[in-house]
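Both complexes below contain subunit A, partnered by subunit B and then by subunit C.
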Partner chain A sequence: MKRALNIARGPMVLTLLLVIVLMSIVMVIAGTTPWEGFASLLSGTLGGPREIAETLAQTTALLFPALGICLAFRAGLFNIGAEGQLLLGGLTAGAIGAHFAGPGWIAIPVVLASGFVGGALWGALAGWMKSRFNANEIISTLMLNYVALYLANYLVSGPLKSPVATGSETAPLPPSVWLPALVPDTRLTVALLIAIAIAVLLQFVFTRTVFGYELRALGEAPEAARRNHVNIGRLTWLVMGLSGAIAGLGGAAIVSGELHRFNTQLSPGYGFTAIAVALVGDLNPLWICLAAFGFGILEAGGLAMQASANIPEMAIHIIEGIIILVLAARRYVTTRVEVPAV
Partner chain B sequence: MRGIRKAYPGVVAVNGVDLDLYPGEIHALVGENGAGKSTLSNIAFGEVKADAGTVKANGSVGLVHQHFELVGRLRVWQNIVLGREPRKGLRIDEAAARAMVTALAAKNGLEIDPDAFVEDLPIGVQQRVELLRELEREPTVLLLDEPTAALAPAEIDAFFATITALAKRGTAIMIVTHKLQEVIAYSHKISVMRHGELVAKLDTYSTSVDDIARAMVGGDLPPVAEREPTTLAPCLTIDDVTAGTGAARADGVTLQVQSGEIVGIAGVEGNGQTALADAIAKMIDYEGVIGLDSKPAIVPQDRHREALVMSWSIVDNAVLGRQHDPGIQKGLLLDGTRARRDAEAIKERFDVRAANLDVAVKTLSGGNQQKIVVGRALIDDPKFVLAYNPTRGIDVGAAALVQSRLMQARNAGAAILLISFELDEILTLADRILVMYRGKVVGNFTRAQVDRAAIGRLMAGSAA
Partner chain C sequence: MTQSLLVSLLVLTIIKSVPIVYATLGGVISERSGVINIGLEGMMIAGAFTSVVISNLVTPSLGPAFGPLVGLIVGVGAGAFIGWVLGVAATKFKVDQIVAGIGINILCGGIAGYGTFLVFGLQGASPSVPALGGPNIGFLDLHAGATALLVFAFVCSMGLSWLIYKTPWGLRVQACGENPHAVKSAGLDPLKSRLRAVTISGALAGLGGAFLAIGELNLYSDGMTAGRGFIALAAVIFGRWTPWGATGAAVFFGFFEALETVLQGHVSWLPADAMQALPYVAALVALAGVTGRVRAPAADGVPF
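Presenting the complex of A and B:
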C-alpha cells in the first residue's frame, strides 16, 4: 500500500543556503557581485556597535510578534493577525502612556501592560469568534488586521489626535515612560531582554505546564485532545489572547522605546514577516530568537545595501516573500514513499 | 508466485514466499497483522512491485479491497461500469450499461438493484457491488482482502455461497482474513504467514482452528485471565438514551452495567454503537439519562485519532486525559516525574515493546499502541470502563493481553461496557450480552443462555 510520507520539515541550514543563493541572484541582477553585496550587507548590519544595535532593534521588533505567532501555531491556531494585534497594542500603550504621569518604575510597566492587554483583546476576539461561531481564524485574524488599521487611523486623526502635532498621531509620551536604551542613542532598548525572557518563558510553558501540554495536544491531535478532557473552547480564546498579547507587547515596546508616541506607521509589516520568522524557527521559541536575528539582519541590511552597493531595498522584501513561499510550500512538499500497510 | 520478496524501510514484509492458487479452489491466507498478507496480495494483484520473485497468472487478477472503493453518490450500475463505460458518441450508453450490469448480476447469482444509490445500501450489498465490479472483468484469479470484516453473520453465509459458486465455475480464489472460523468453514487450503514468511501450508479438512492459530502465533495462544466471582453493585445506568443522527443513531437505549461485570454489546458496525459510546463519553448531545458517578475510563475505537497523540512520546501520552487529575496537575505545572512513572507502570503491566519511554508512539506497532491506550485507561483503577473494539487490528498476543487485563479489572470490581464488532471477543469476555441493531437493543443474553446462532440472527435484523 502506498502512502504519502511527509518529508516537510527541512532544516534551517537549507533555508539559509536558499536565502544566500537567492540574494546572490538578486545582487547579480542589480548589477553588483554577490561578494560586494554581502560585504555591504554584513558591514551595514554587524560592522560596528551602532550597526549591531540597529540590527538587534529590528530583531526585537520581529521577535515579539513571532513569539506570539509561535504560541498560536503550536496550538494549531493559524493566527495571521499579529500585525493588527501589534498595532492595537501600540495604540493602547500610546493612548494610556501619553496621559500617565508617574515615575518610570511604575509608568513603564503600566504602558507595557496596556499594550499587552490591547493585543490580548484583539487576539481573544478572533479566538472567541472561532470557539463560539466556528469562524476560521485565518480569515478572521487577517480581516481584523484591516479593522485594527482603520480603527487606529480613525482614532489618531480624531479622538486621540495629538493637540500639538501636525500629522496623525497621539500625544507624545513623557520621557519618564520611555524604555531605557541598551546602547545610547540607538533604537535598541531593554525590550530585547524582555522578548528573550518571553521566549524562555514560552519554552517552559510548552514543556512543563498543563496549559502548554493541552495546547500542544490541540495542535498535534485535535480530536484526541477533545476526547481527553481538553476544554477546547476555553483554550482557543486563551491561546489567541496570549498570542495577541505578546504581539501587542511588541507594539508597546516600539511606542515607548522608539517612537514615544503612536502613529499607524508603527510597523512596516513586522506582524507578517514574523510568520516567516516563527516558521524558520520551527515554532521553537529559542530557535525563533535566532531566526529573528537572521531576519533582523535582512531588515536592517536592506538600507545599508541600497546605500553602499546600490541594491534596491525592495530586493530584500522580495527575498523575504520568497522565503515565506518556500516555507509554505515545504509543509506540503511530499514524496511518495512506499510504507508497509500494517 | 515464486520467491516473492519485498522489503520496506526497516522491515522485510514478505520474504521468499512461494504460493500456488488453482482454479476452483478457495485458498485462505491467514496471519497476524503485519505478517505480510496484505503486501503479498497486493503483489499478486500487481499494485505493489516485488523486490524479487515472479508472479504468473493465466488470465487476469482481480482484487476486492477491505475498504470498498465505491462512489457513494453514484448508482450501482454507474459504479460497476466506472472507468469502462459503454459509450454512445460522447455520452454513456445508459441502456447498454444497465443491461450489462443486470446480466452480470444474474450470471453470478447476485441480486442487486442497478439503480439504487450505493450510499443507501447496507454494507453487505455494497460488497456485492464491489464484487460485481471485479467480476465484470472476468478474472481468473480473485483476491479478497478481509471480505467479511463489516458483514453480519447472515451476510457472511450469503457471501461465501457466492464465492463457493464462483470457485465451482473455475475461478481461483484467495481470501486474506484473520477469521479462523470462516477459514475452517469455507476454504480448501490454508497458507499461514508469520513475519513475512510462509510458515505453514495446511489442508482445511485435516486441520483445526487451534492448529492454525498456533501456526500464526508460532506457539500456544496465551490464555485469557480467569473469570472470578464478583459482587455486583449498580454503576452505570442508561435510560432511554437517543443520540446521533441518521441510520447510525442510538435510538432509545436502556441498559445497566454493574460493578464486577462485563456487559458486551454485539452488533454489526454502524448500528448505533458509536453514537451510544459518544453519548457516554459526553462527546455528543443526547436525550435520556446516563447515570454514572465517576469519570469514565474510555478506550475509544480509533486509537490513532481519538486516543493518542501519535507524534508524542509514551511518557506524554501516558497522562493524556488525566492532565487535570490531582497528583498530575500541580498548580500550573504538569508533574513530569509522575508522567514518567505512569508510563513505566503501563509499559511494565502491559508489556509494551518499546526501546524506551521517549520514543514517539507512531513508531510502535498497533498492538503496542493499543496496550498504551488500555493501560492508561486502567491505570487509576476506574469504576467504569468503556472499551470500544479494544483489540481491533492488533496481533493475537497483544489482544489476549488486553482481554486479560480487562477481565482482571472486572474481577477487581470495575464495571465494563464492551462494544465490539467481533462476536468471539464478546463471547470470551462478557457476563451479559446485548445485541444492537438499527440503534436499538434487540437482544439480551446472560452468559449461561448464550446462543450464538440467535445472536447472529439478531445482529442481522431478523427476530431470534
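Presenting the complex of A and C:
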C-alpha cells in the first residue's frame, strides 16, 4: 500500500512542477510576471467561497469523465470517446428531463439515470465493435465523438429544439429536476458528492471484487486473463459501457445542475482534459479526485484568464498536452513491467 | 443525379482525398516501423498552422510565387519535428505510444490555437493569408499549386511503396515492425529506423495539413483538420498497412467528404448534420468490416 502511494505521488509532484514552469512561461508571453500571474490565479480560483465553488464545479465536470476513462484504461481499453459519451449523456438527460414533470426525489434520479444510459449506449457501441469485429477502440471512440456531436447538433436544431429558444437547445428543465446547489447561486451542485462516491465505489470494485480483478487482469495480462477463461468479449463491452455511463452521468449532471437544458456547448473539451486527469491520478480513482481538483483550478483559472487577460483557453491545452506527453513515459497497460500482487 | 454532379463529385473526391492520403501514408510508414501514430492529427495541425504563419510572414519579401512555397516547406518541417518528438518519446524514452500521441494532438491544437492569437491577434481562425496559386490547369480546374500537391500525393504513395518493398532501408523498417529483436540481432539499430520512420510520418502528415491550409484554403482555423488524422488511422487499417491499399482507403474516405459537400447543395431531405457525419460513419463501418480479417505488424505499438 505504501509503495502504491509512492508510485502515485511521482506523477503528481512531477506534474505540479511542470505546470508551474509552463504557466510561468505562458504568463511571461502574455505580459505579466509569474508572481502576479499566480497570485491572481490563486485568488481567482481559491480566494473566496464563490471562487472555490466555481473551481469545484470544474472539478466535478472533469471528475466524471476522468473516472470513466480510468475504468476503461485499467482494463487496457483506450476509451478516447469520453467527450462524445458525455455529450450523449447530457443529450438524453436533457431530452427526458424536459418532459418529465414529477417530484424531485423521483425526477432527479430518472434524469441522472437517463444520462447514465445514454453514455453507456455510446460507450458500449465501441465496446461491442471491439468484441464483435475486433475494431480498434481508439479509432472507433474518436470517430464516435464526431458522430455524437453531429447527432446532438441535429437533434437540438430539429426534433428536440426548444419551441421557445432562439438558439439550438432542448426545452428547459423544470426546476424540480434541477440538482440542488451545494453553495447557493453557484454552479457547484451535489454532483460533486456523487462523483466522489463513484470514485470510492470504483476503488472498491478494483480492489475487492471479481469483476475488478478480471478487469485489471485484462489490462495488465490479457493473455493470462484469456487462459483463465475470463469472458473477454463480454468484459470488453461491459467495461466500455460502464466507462461511457460514468462520462454520460457527468453530462447529465451538467445539464441538470448548471445549464438546466441541453446544448452542444455543454463541454469545452472536458472529455479530453479528463484523459490528462486520469493519467495524472495514475488511474487510481482516489488520486484522480485530487488530480481533478488540480485541473479544476487550471480550468477555472483558464476561464478567469480568458476573461481578464484575454488569453485564449487554448493556452491551457498546451499545458495539458505536455503533461500527457511527459506522463506517457509511465506505461499504463499491457506493457507494464511490474506484475500485480495476487 | 445529373452528369455535371457526377463530375463534380469525382473531382471533389480527388481533392478531398489529398490531405487524407498524405496523413495515411504517414500512418503506414510509422506503423510499419512499429510505432502507432495517434498524433497524426496533431502533426497535420502543426503543418497547417506553421505553413499559414510562415507564408504570411515571408510572402511580402519573397513574392506570391515563393512565399507560400516556403510556408509549405516549413509546414512540412514542423510536421516532421512533431513526428521526431513522438519518435524520440517512443524510442529513447519508450513511452506509451498511444498516450504520447494523445498528448501530441492536444498540445498541437493548443499551440496552434494560442499561436493564432499571438501572431494574428484573433481567436479561432487566422485571417486569409497568401496561399499557393498559379493558373487553373487540367480538368480539375484547380490552381497549379494544389494540382502539383495532388499529383505529388500519388507520387508519394508510389515512392513509399518502392521504399518499403524495394529498398534495404524499407525492408529494415518492415522488420522493425515485425520483430525488432531480430533486427537488433542482425547488428542494426531498430530504434534509429523507427525514429526516421516516425519523422517521415510527421513530414507527410504536415504536408497534408499544409495542403489543407494553403492549398485548398488560405487560412488556419481551430479544428480545420476535423479528425482527418484519425480517419487516416482507420484508412491505414482498411488499407491493410500497404501504401497502395491505404491510398485507396484514403480516397474512399475522401469520397464521403466529397459526397457531403455535393449533397449539401442538392439534397434537402437529408439533414446537413447527417451528411457531415458521413465520413466518420464510413470510417466506423470500414473499421468494423475489415479489421477482424487483417493483421497489423506484429510489433506495432510495442516499445523496443
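Annotations for the structure displayed:
By definition in this document, the second predicted complex is superposed on the first by the 308 of 342 C-alpha atoms of A that agree within 3 Å, B and C clash if a C-alpha of one lies under 4 Å from a C-alpha of the other, contacts with A are read in each partner's own complex, and residues count from 1 in each chain.
In the analysis below, a contact is a pair of C-beta atoms (placed from the backbone, for glycine too) under 8 Å apart; a residue touches a chain by one contact, two chains touch by 3 or more.
What you are looking at is a predicted structure, and each value in this text was computed from that prediction instead of being measured.
By the touch criterion stated above, A:Ile322 is placed in contact with subunit C alone, subunit B being left untouched.
In the overlay built on the shared chain, the residue A:His229 is in contact with subunit B alone; subunit C does not reach it. Touch criterion met: A:Ala217 reaches subunit B, while subunit C stays clear of it. Of the two partner chains placed around the shared chain by superposition, neither subunit B nor subunit C is touched by A:Lys161.
Greater residue coverage of subunit A by touch, when subunit B is weighed against subunit C, goes to C. In the superposed model, A:Met314 makes contact with subunit C only, not with subunit B. Subunit A uses no single residue to touch subunit B in one structure and subunit C in the other.
Residues 1-2, 208-214, 216-217, 220-221, 223-230, 337-342 of subunit A are the ones that touch subunit B when the two sit in their complex. By the touch criterion given at the top, residues 29, 78, 80, 129, 132-136, 138-140, 142-147, 150-151, 153-154, 157-158, 272, 275-276, 279, 311-312, 314-333, 335 of subunit A touch subunit C in their complex.
Residues 38, 85, 89, 93-100, 102-114, 117-118, 123, 222, 226-227, 230-231, 233-234, 237, 271, 273-274, 276-277, 280-281, 283-284, 287-289, 291-292, 302-303 of subunit C are the ones touching subunit A in the complex.
Residue ranges of subunit B in contact with subunit A, taken from their complex: 8-9, 11, 13, 33-34, 38-39, 42, 47-48, 281, 283, 298, 300, 305-312, 316, 319-324, 329, 332-334, 336, 365-366.
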